[in-house]
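Okay, got some structures for you below.
What follows is a pair of complexes built around chain A, which joins chain B in one and chain C in the other.
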Partner chain A sequence: MPPKFSTAHKRLLRELKEITKNPIDGIIASPLNDNDLFHWRCIITGPNDTPYEFGIFEAILNFPSDYPLSPPTMKFLTPIFHPNIYKDGKVCISILHSPGNDPLNYESADERWGPLQSIEKILLSVSSMIADPNPNSPANIDAAVLWRNNKDKYNETVKKLVIDSLSL
Partner chain B sequence: MNFNSNINEVSDPSDWDNCKLPSLSNLDSLLRCQICKDFLNAPVLTNCGHVFCSICIRRTISNSNKCPLCLEETYESSLRKVLILDNIVKWFNNNRNDLLKNLSIDLVNDSQNDSSSDISVISELNGNGNVNVNGNEGKKEKEEVQDNLVECPICGVFMTPDEIQGKHIDQCLKNPNGSTNRNTKRTTSRSFFKNSSSSDESTTPKNTKKRQINIQLQPNSIKKKQRIPNLDTSISTNKLKEKLNYYKLPINGKRNELEQRMKEFINLYNANLDSINPVSDISLISKLKKWESLINNNIHSQNNNNIHSDTNSNNSSANSSPPITFDEETIRRHQNEHKSWNKKNKNHYEDLIKIARMNMQKQKNKQLINNEDNNNNNKHHIDDDELSDIDTELIT
Partner chain C sequence: MTDDDEYFEDFSDNSSIELSGVDEDVLGNELSSVDISDSGEYEFDDGPGNTDSSSEILYSFYKSRTSGGIPTHRLKYRNIALDDIQKELEKDVKKVQNMLQLDYGKCLNLLLQYSWNEHKMLDMYMNAPNHQDYLLKNGIYEAKFPEDLSRLISTETDENILCGICYCGPTKDEPMNFFSMYGCKHKFCTDCYIQYLKNKNESGSMAIECPFADPKCHLKITIEELNVLSEYNNKMEEKHFYHKKQEECNLLSEEQIKQMYKLDSDSEFEFDEQLDVEDDFNNTVKTKEKMKIDELVYDFHTIIQQREREEIDKKRNRTIISKYWYNIGSRYCTINTKKYKHCPSPDCDNVVQFIGFDSDIVANIEELKRLLMIPLVRCKSNHQFCFGCNETAHAPCPCKVVQLWKIKCEDDSETLNWIQTNTKDCPRCHSLIEKNGGCNHMTCKSCTYNFCWICLGDWTAHRNNYRCDKYVPNEDSDVSKVRESLEKYMFYFNHFNNQRISHDKDKQILEIFENKIKELQINSGVSWIESVFYKECVNALLECRESLKWSYAFLFYIPNCRGKQLIETAQWQLSNKVEQLSRLFEDVEIGDVIKKKPMFLTIKSSMVTAQNVFLETCIDIFADKHTLKDFVQRWNIK
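Our next item is the complex of A and B:
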């Protein structure tokens, strides 16, 4: 009994179809291999007019078996200096948090994960989070402090990493 | 198994995009549950007026009591089944492939290129004689609209008085259920609505039959069943086991597994009561087993993945949903997959890198120019047009 046609499986398949038909601007996302819909890899390009511009950031998305009830997790593979991204690449953003899962209560419920959210919405939110860090949920303290106190230095650090990752 | 081949097996509203009536994609998405994105299955209505599959919304609100659409508080007790919608969805789903086939652009090119209005499209297609409808009917349908139709008192089908007085009534009296196919089909939609509005009036067997042709009702056996109340999680493990046992469910596993099992069974059981095609308790139990194996087995074994050696679908001893982490090991495990992903997306990737480098270069040039003339101060907006053409930019 191949459990292929679980709700999660079918939903992921539909989202893949949707993303394939209508690709998101500046973002590539697809499953890691042809057998497994629960691990995706994606590339997000740095938003314009930010120090991340021209950066190409790769990340992986890991989906739970009760998706879309529970959110996936996301982790960047490309080094990225950002207040809301842990040093190991894990992303801290309200859309990836279940409503019950907010100890500090700083995120409003409608921004958080719910079964109506989607891969597309996650990637778009992460892309706009890259452009506009959320100072309330720092994941990388160094980046958060620098972002608040010394924008020039912050921009410089971000840019240097971007240049390094492009091997310029 | 490759899901690239499956991708076209899942239907979605975009399937209508290239047909003669692309706006059908709206109807298609309206008839879907926004949680699972599949067609509504045993749809239920919330207090706030939103509709989801019964099982989908039940699972959702057992996580948190909010409508996922509007975030209004929602409780199981307020969910109401919508049988008519269940019928509509089933009809649409059953006829979807035929509709798609009939409305495909190819077909149109084969016949005529007349796209004056949607109505003419439909009648033209009727005249085309595919699957559901044959050539004569297409024309008859047009006349029918102007005719004064009467309902046959026996089978409920609408037709001209002449038709009824002619052969039909005799046939119908001999065989009330087997009125000619032609007529039944022709007026399906009429009798469909007629029956739904008069659904509680008749009790004669004749009328019951008539309803079954057009609108499906829930079997009486289901109507008599009581819903299982929400699980009170403060009950003792023994009480919980008793409860599981009462519904003939396995009682092995840890406390939280027992709770999970009981909760999901309640969801499945109550959702089943909302369906026009309810299944037996035994099928519910096997559904529960499947669900449990999906939730509990780790993701790799879940997908019949040959690459991973830990494929072992031993459900009973499964540990409760392991948190998904991105440890080094997971990444190493997936290394081959990452490689092949890279290969597949190589062109994209290289293009992106190329563009990024080019843009970076451009920006540097731009800054040089910027530094030279200071009247065009600080921030520079780069739009796509500028990016696509270095030369122009260097000149300006």
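Our next item is the complex of A and C:
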């Protein structure tokens, strides 16, 4: 009898297949190595017409064993200055929060994590979050304050960091 | 909580006006129910649970008046299990079901939505322009369930269907079972649905929504649908378990044969912790090996106990339904904290139901607390805790004092230690000073007093040389008040802490002791009933230690008066008895335990008497109005 794969395994395998078949523009995602489906590396390019343009951002997605019932966590490895990304790279976005652990109800249950979300949807949401930050629940306060009060300085800081991270 | 109550009150006032406009026939039942529960906020006598008279009414103190004639305003309560609450809640749901003519699970979901506030729910329902829309908004599909809900699980072979959670689909050769709620038809494979529900159950959520997300489906699963899945799951698990067991059995028998063969040929006994120990028991004759067997039997007993514990845990979490009801019951308790209290001990599911007071003056817990009484209750498993603040038993300390003390300990204990070791008071203005280097000539920042760090004398007397090496007897008439209060606090804190540590240590020792007793029971054939006295003694001892512990916190706050001396005397007597019993536990040989039973019991009963006297003395102190006023004003207790 072949070893029985868990739901998480099966599901991640399917998603991998799907993503390799129909790749998303500007986003690459695949497991870190072939034996471990629970850790993915993805690369998101900075959206056009934003200060993040031309930037290449590497991130790690960690999946829990009860995926897709619980959401994965996402962490950027490339330094990135953004109101919704913690200084250590952790991403704070509603789609990665399971409903029920937000006592203040900042986010409506609809945009939270549910088993029908997918890696593709996460990455697209993160990509659009990079283009359009949500300053209401900032993870990086400095970035949020700068974004609100001084857009030019913010753009400048972001661009500088993007160029630095490309190590040109 | 208070907001809710206010709302409840507001609402019940309005409701009778609004409802009177609606058709009387439909609402006849409801109006009467409003009247009943409306009669008073603290009149709980009409609540659920009272109809069941199987469990007796218990009191929070053993006497309604102290020997000094002070009323103790006892709290009346009853012990129930969480399952009993389920039965009561089911009655509530049935009542609503009669009115709305909806399916049972739908009414349950509605009640959950409104935190069991039946009147608010009915009001909203009656005032909604369109009942169907209103129900849909609350995630309920109005149409009645068909007789047979098991058809919700369907076996599919269509290759176009895909489960949105695991991304798997059936093939012609491998059909899959799919489940969808009656109202929404969003299909997911049963395994995923079950996992989804279990996951939600684990996080304690109720009225679980359909997982479909695009667009979000807000339909909530009802208890009937849950039941279908739960039963399906049980069946599958049983099947799985059976298969597994069979495999295990085959493996085991092979192992057993080998082992038995080995036993026969070598006569070397090596037992694993296996259940067949007892079977082999008869084969061993030699006493030496009998010892070994005894040990194993003892191990076997502990294993059984562990299994039993796991069994309870499993029972609680076994089926989706039971876990769901468990969540509902515990949520109900948290909503109605005035009436129900969960036992705060770990792994204890018991609930204490509040009934009333044994007093004319006291109407609610707050008033009782104001009188500085402590509503101590015991759950079914004999865990003692305070109904007022959900802490473990803290007599003789009133709840407010416990709070004060805890805050003080959190703030002060660590800081205090540091202050004690690292600072000195300025001899003139008593501000605390830390010396972080430099010479011994200090200048106080706040009063600019010049003094010597070593002898705390005036620096002018020192001039250019230190002359404080000579010993001066402590004639300090101006001992710092701050330091004094710190010292007082440190004294009581240390005693408090000592008692806490002894309590924990005693508990450890007694646990080991208890295991030995069990061993003894098995070896010497003493019946279980006969050794129960021991367990009682242990509990009494631990409770007395707890009382002693809190007495130090209490004494810290008591102003100096005649009553305080009385308390101290009673405390001394209690602590004497406690030490005596503790000593006995320490000294006694395991073999002598049964012989010394009378001794244990005598000391225990005198200890319990001492405890009662002590607690009464603590209550009596506030009979003096002056002391009470002084105490309340001084510590701002209100």
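As a working rule, the second predicted complex is superposed on the first by the 164 of 168 C-alpha atoms of A that agree within 3 Å, B and C clash if a C-alpha of one lies under 4 Å from a C-alpha of the other, contacts with A are read in each partner's own complex, and residues count from 1 in each chain.
We adopt the following convention: a contact is a pair of C-beta atoms (placed from the backbone, for glycine too) under 8 Å apart; a residue touches a chain by one contact, two chains touch by 3 or more.
Quick caveat, the model's predicted, so the values are computed rather than measured.
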- Look at where chain B and chain C land on chain A after superposing the complexes, then choose clash or fit. clash
- Message: Looking at A:116 after the superposition, I want to know if it touches chain B, chain C, both of them or none. Which is it: first, second, both, neither?
- Response: both
- Item | Greater chain A contact set [chain C / chain B] | B
- Message: Going by the contact rule set out at the top, does A:69 touch chain B (first), chain C (second), both, or neither?
- Response: both
- Message: Just to be sure I read the superposition right, which of the two partners does A:21 touch: chain B = first, chain C = second, or both, or neither?
- Response: first
- Task: With the two complexes superposed on chain A, say which partner A:33 touches: chain B (first), chain C (second), both, or neither.
- Result: first
- Message: For A:10, using the defined touch cut-off, is the partner it touches chain B, chain C, both, or neither? Pick first, second, both or neither.
- Response: both
- Superposition clash, chain B against chain C - the stretch among 9-17, 81-89, 297-305 or 333-341 that is involved: 81-89
- Message: I'd like to check the shared interface: which positions of chain A are touched by both chain B and chain C across the two complexes?
- Response: 7, 10-11, 14-15, 18, 66, 68-69, 98, 100, 109-110, 114-116
- Message: Taking the touch rule as given, give the residues of chain A at its contact with chain C in the complex, in rising order.
- Response: 7, 10-11, 14-15, 18, 66, 68-70, 98, 100, 109-110, 114-117
- Interfacial residue positions of chain C with respect to chain A in the complex: 164-168, 191-192, 195-196, 199, 203, 205, 209, 211-214, 216
- Per the touch rule, the chain A residues reaching chain B in their complex are 1-4, 6-8, 10-11, 13-18, 20-22, 28, 30-39, 41, 43, 45, 48-49, 53-56, 60, 62-66, 68-69, 72-73, 75, 77, 88-90, 98-100, 109-110, 114-116, 163, 166, 168
- Task: Mind listing the chain B positions that touch chain A in their complex?
- Result: 1-4, 6-8, 10, 12, 14, 34-38, 56, 59-60, 63-64, 66, 68-69, 71, 290-291, 293-295, 297, 299-300, 302-307, 313, 321, 324-326, 330-331, 334, 337-338, 340-341, 344-345, 348-349, 352-353, 356-357, 359-360, 363, 379, 381-382
